[in-house]
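Following this line, the structures themselves.
In what follows, chain A forms one complex with chain B and a second complex with chain C.
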Partner chain A sequence: MSLARRAARRSLLFLVALVLVASMWELYKLLGPEDGGEIFGWRIIPKTNDRAMPHTWEMVSRLGEPEVRGRDEPIWQAILGYGWYTFRMALVGLLVGTAFGTALAVLMARWRVVERGLLPYVIASQAIPLIALAPQVAALGGNWDLPKWMWVSTLSAFLAFFPVSVATLRGLSSTPPIALELMESYGAGWWRTLVTLRFPAAVPTIVPGLKLAATAAVIGVIVSEISTGVRGVGFAALTYGQRATSDPAQVYTAVFGAALLGLILFGLVVALEMALMRRRPAEAVS
Partner chain B sequence: MISRRTRALTAGVVALALVAAACGDDDDSSTDDTTAPTTAAADDDMSEDADEAAADAAAGGSDAACETVDSVSLQLQWFTQAQFAGYYAAQDQGFYEDFCLDVDIVEGGVEIVPQTQLANGDVDFALAWVPKALASREAGADIIDIAQIYQRAGTLQVAFADAGISNPADFEGQTIGNWGFGNEYELFAAIGRAGLDPASDVELIGQQFDMVALLEGEIDAAQAMTYNEYAQVLEAVNPDTGELYQPEDFTVISYEDEGVGMLQDAIWADAEKLANDDAYRDQAVRFVAASMLGWTYCRDNVDSCRDIVVAQGSTLGASHQLWQMNEVNKLIWPAPEGIGYIDQTAWDQTVAISLETPNLEGATVLTEEPSDGAFTNEIVEEAWALLAETGVDLFGADYEPIEVTLNEGGE
Partner chain C sequence: MVGEYADVVLVDGATMVFNAAKPNRVDALVDVDLRVAPGDFVSLIGPSGCGKSTLLRLIAHLLEPTAGTLSVNGKSPDRARREGDYGMVFQQPGLFEWRSVRKNVELPLEIDGWARARRAERAVEMLELVHLDEFADHMPWELSGGMQQRVAIARALAVQPALLLMDEPFGALDEMTREHMQAELLRICAAEGTTVVFVTHSIPEAVYLSTRVVVMSARPGRITDEIAVGLGGDRNEDTREDDEFFKRITEVREALRADRDGADVRRVSGVEDR
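== the complex of A and B ==
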C-alpha cells in the first residue's frame, strides 16, 4: 500500500517536473530575444525563433507524424525500434561493464599492490575520448568479423565499468572493522568474508555506482552509434539533426527516445536496489 | 541483430529481382511509380538487354554458370542515400550477381574514414573524394583510384540573393561558412583566385552539415552539396511567405564552374593487392563493370533508383532522394571519356589545388606530388571491355536531367 502510494507520488512529481521544464522552455521562448543576443561580445543568449527552439507541443506532436514524410511509419514507432536496438546493446554493455568493474574492484580490494598499480590506469582509461576510441574498436571488430552490436556494447561497457569499479572498491574497503574482526574470530578466510560480509555491506555504496553506470552505458552506445553509423537512437539523433533546416522539431523526438532509455536502465537498477535492500536487517539500512 | 534483418531484407530484395528477371517480367513491376509508361517500357527493354548481355559477358553466360561467387565489400562515405544509388541498383538489379559477385555494401558514419577502412583491410573497395584519399595515401595508405565515378564536383556556396554574392570575389568582407575537415579547399582555392586573403578579407566560420546557419543569418554564404544541403533549403518554409524557399531566393556559386572543382566520389582499391593478387584484380574489374551498369541503370531509370534507395532504409524523404538522384546523375553524365575514366586534366587540377592551396592553418592537402600509381585507367578499360557486347551506353552524351519538384521536408 505505502509502496504503491510512494510510486504514485513519485510519478506525480516526475510529471510536475516535466511540466515545469516545458513551461520554462515556453516562457523563455515567449520572452527571450527572437534572434538571440550577446553578453560582452559573446553570443550566449539563445535564439527563441521556431527553428532554434521549436514549441514543446510541436516536438510531441511530431512523435505521431511519419518518420520520413510521405511514408506510413509514425516517428514514435521508428524511435521505439531504434530504442529497442540501443537498449539491448546498452544492457549488454552495462552487464559486461558491471562484471568487469566488479572483478577489478575485488582484485584491487584483495591486493593493495594491484590497487596501486591498476587504479591510475582505470582512471586514465576514462580520459580517452570515446569518439577517438570508437573507430579503432570498430576496425578491430571488423578484423575479427564480430557483429556490430558486439563492439558497440564493448564501448558501452568501457564507460560503464568505471563507476562500478570505483564504487565497489570503495564499498569493499569500508567494511566496519568490528564486523571484520568478528569474521576473523570465526576463522573465515578472505573470500568467505568477501561473500558473506564485505559485499552485502558494500551494497549501499555499489548501487550509486551502478546508477551512474546505467546512464554511462546508454551514452556509450549512442556515441558509438553516431561515430560509426550503427542504426540505433544515436543514428536517429544524427540523421534527424541534419534535417533541422526544414524540420527542427524532429531531432527532439530522438532526444526523448534517448532520455527514455536512460530512465529505463536507471529504473532497472533501482528495482535491483529495492530487491537487494529488502532483505537487509533494519539496523543495516541506515 | 539489425544487420541480420537488413541482410534478410537484402536477400529478399535480391531474390525478388531474380524472380522478376527469371519471369522475363517488367523490372519496374515491384517498384511502380514510374510515370510515363512508354518511356519506362523502352527503358526496361534497354536495361533487360543490358542485363542479359551482362550475364553473357560474365565468365559463363547465365547465373548458374558462376563457378564460384566472390564476396567483396564496399565502404560508403555516409548512410544510405542516392549518392550511392548506382551500387544499390547494381545489387538490386542483379548486376553484381551476373558478374559472380556477392557485394556487401557497408554504410559509413561520422568517424568512419572509407580509405582508412580500405587500407586497414576491413573492406575490399572504398568510395572517397580524391583529395582526401590522396592525403591518406601520402600518410602511408597504399590505395589506388580505379574508377572516377563522379566526373564533376558537386560543391556549392549558397547565399541569399539579396546578399549580392554571385562570385568568389564577393566573399570580401562576408561571413563564409565551410565544413572544414578537408572539405574547405575548393573554397580556399576560389578565395585565392579572387585575389583575397582568407585570413583577413573574409570571415570563415565552421558550419554544420545543414543550412540552419544560413537561414538564421549567422553566415552570408553556406557550403552545400548540389545533391543534399542545397535541396534542404529548398525544402524549408520561408517564414516571410509561408511557402517553400525558391531557387530565385538564392545565388549559387559552383566551384566546378569556377574552375576550382576537385574530383569527388571515386572507387579506391588496395594497391598492393591489385598489383600482386590476380583474383582480387579480376574481382575489381567485375566490380567496377557491374557498378557502371548500376549507374547507367540509374541514369535511365531515375524513379526506380530512387525507390531502390528508399527501400534500402534511407531516412530521407522521397522527393529529396529523387532530387539527389538527379543531381548525382548530373555529376556523372555525360561522361565525355566514358564512365569511370580518370581524366588527366581534372586529376592534375585536383592535385595542383591540393598542393598549392593553404587553409587558415597554412596546411595544404598534400605536401608533395602523389607518388606513381595513385590512379589507373586499366581497370576501367577492362571493365568497359567486359561491357562492350552489352551495347550499354557508357558515355551518356545525350543525357538530359529531369525536373524535380521538392516538397516540404523532402516528402
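== the complex of A and C ==
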C-alpha cells in the first residue's frame, strides 16, 4: 500500500474513532448515575451531571462564544492564539531535543565507555517529575535575563530528547555487520561510515522515536506553562478549569486546542517520515 | 621492481588464533603460505571452519594476523585496503536499500572522492558490464537475488581494482542462476584483467572458475593441497560436460577426502594434530 493511501485510511479511522469516543461519552452520560457511585467504598464511578460531564455538543458550541462575557472575539480564536504560542514553543523544544538527543546517541555509539557512563543518567533524567522541575528552571530564568518561553522550550526539550536518543542509539548500533565490513574494505573512517551508512540505515528505527518526541514536546510545554505562568494553551486550560463550576464546557475548548496542536506536530513528523521513506521497501515503513 | 611486485597476493606463514587465552580458543589458520600471480583465479575450498573466509579477511585487512606477514600489490594489506587496491563481494549482496542501483555502484567512488559526473559515468559503464544498465534507477529491493549480486560485483569492480576478493558470492543463488553468474564472472574478469581470490565450498564451481584450486582442512585451518586446473580461457557451457572437467573434479574431491581420512586416522591413533 502506498504511503498516501495509508495516510488517507488512517485519517478516516481517526474520524471514526473520534465519533466513537463522543458517542461513548454521551452514552455513559445518559446511563450513568447523576452523582457518581461507589464500588466497595471507593468513589470511582464518575458523576454524569452537566457540571462534571458537559454534553459534547455544548463543548463544540462553546467554541463560538467569547472567552469572558463582554468580549466580541469567540473563544476558538483565543485558543488558536494560545495554541500557536504553545506550538512554537513545542516546535523549538522538539528541534532542540532532537539535536541534543541525536548528539548524545552519536557520542554513545562512538565510545562504549560514554554509553556505559551516560545511559543510566539519561534514563534517570526521565524519572524527575517535570512538574517539580519546572518552577526551579523558571526561577533560574529569573536570574538570567532570558524570555520565559525559552525556559518552557528547554523543559519541553528535556522530555523530547529521551525517545530520540534511545531510538537513535539503537538504530546506530544495529547496522548490518556486512555493510560495516564493506565500508571498512573501502577504508572509510568512522564519521564517513556514520553519515553514509549508519544514519541512513537507522532511519526506520529513529522515526518512531521522533513520533514519541513530538507528543512529549507538547506535554512538556503544557505542563511547564502551568507551573511557570507562560500564557499558552496549557495555562488557558488551567484558568478555564478553575471556572468549571460556572462554565463547565470551557475547559474542553482548551483541551481541543492542545490535542489539535499535538496532532499537527505529530503530523509534521509523519510528513518527514514519508519524505525519508519514499523509496524504501514497503515492509520497512512503520 | 616489477619482479618484486609480481605477486598480487603474498601470504607468508599467516597464523590466526581467536580467543587465544580462553577455553574457547580457535586456531583458525596455522602457518599458511599462498601466492597469487596477476591474472590468477584462485579458489579456496574446504569444509566449514577450515579458515577459508578468515584467510580472505586477512588479505582484505578486515582482520590482523596473529603471526606471519601478508602483502597485496606489494603493499601492506592495510595500505592496500585504504588505497582501494581490491574489491570485495560477500555471500549477501549487502546493497544499501535507500540508494538506487546506480548510487550503490557509485558508493566506493564517492568514498574515494570522485567528482559527481565521473562517478555516474563509471557506474553506468560497470552496470553495462553486468548487463544491468537499464536498471540503473531502480531500487535494489526491486531486483532479484541474482541481479542484486551482479550489482554487488559491479560495485566491487567500480574502482577497477587489480584484485577481486569473493566470499561465497553465489552461495545464496539457485543452481541455474549460479552457473550463469559463473560464466558472467569469467567474462568480466577476462575483460578487466582482474585477479581473483574466491572462497567456495562447491567443487564444480571451484574447478570451472579457477586456474588453481587451494584445498584447506579444518581444526586447525591450513592448506593441504593445491591443484592446477587450467581448463583454458575459452570455457563455456560445454566445458561442464567435458572429460577434463570431471577429471579435475575427481582430483579435488580426492584431495578433500584424503585430508578428511587423514584427520580420522590421526584421531583414531590418538595423535592430536596440535
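Methods note: the second predicted complex is superposed on the first by the 269 of 286 C-alpha atoms of A that agree within 3 Å, B and C clash if a C-alpha of one lies under 4 Å from a C-alpha of the other, contacts with A are read in each partner's own complex, and residues count from 1 in each chain.
The rule is simple: a contact is a pair of C-beta atoms (placed from the backbone, for glycine too) under 8 Å apart; a residue touches a chain by one contact, two chains touch by 3 or more.
Here the structure is a predicted model, which means the values were calculated and not measured.
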Max touched-residue count on chain A (chain B vs chain C) belongs to chain B
A:52 in the overlay: touching chain B, chain C, both, or neither? Say first, second, both or neither.
first
Based on the superposed arrangement, let me know which partner A:196 touches: chain B (first), chain C (second), both, or neither?
second
According to the stated criteria, A:115 is in contact with first (chain B), second (chain C), both, or neither; which is it?
neither
Please work out whether A:279 is in contact with chain B alone, chain C alone, both, or neither, and reply first, second, both or neither.
second
After the superposition on A, what does A:181 contact: first (chain B), second (chain C), both or neither?
second
Can A:227 be said to touch chain B (first), chain C (second), both, or neither?
first
The residues of chain A that touch chain C in their complex are 176, 178-179, 181-188, 192, 196-197, 200-201, 203, 279-281, 284
Please output the residues of chain C touching chain A within their complex, sorted ascending.
60, 62, 81-84, 86, 88, 90, 92, 94, 96-98, 100, 107-108, 110-112, 139, 141
Footprint of chain A on chain B - complex, ascending:
1-4, 79, 107-113, 116-117, 120-123, 208-212, 215-217, 229, 232-233, 235-237, 239, 313-319, 407-411
Applying the document's contact rule, which stretches of chain A touch chain B when the two form their complex?
35, 47, 49-52, 67-71, 85, 88, 131, 134-135, 138-139, 142-143, 147-149, 225-231, 235-236, 238-248
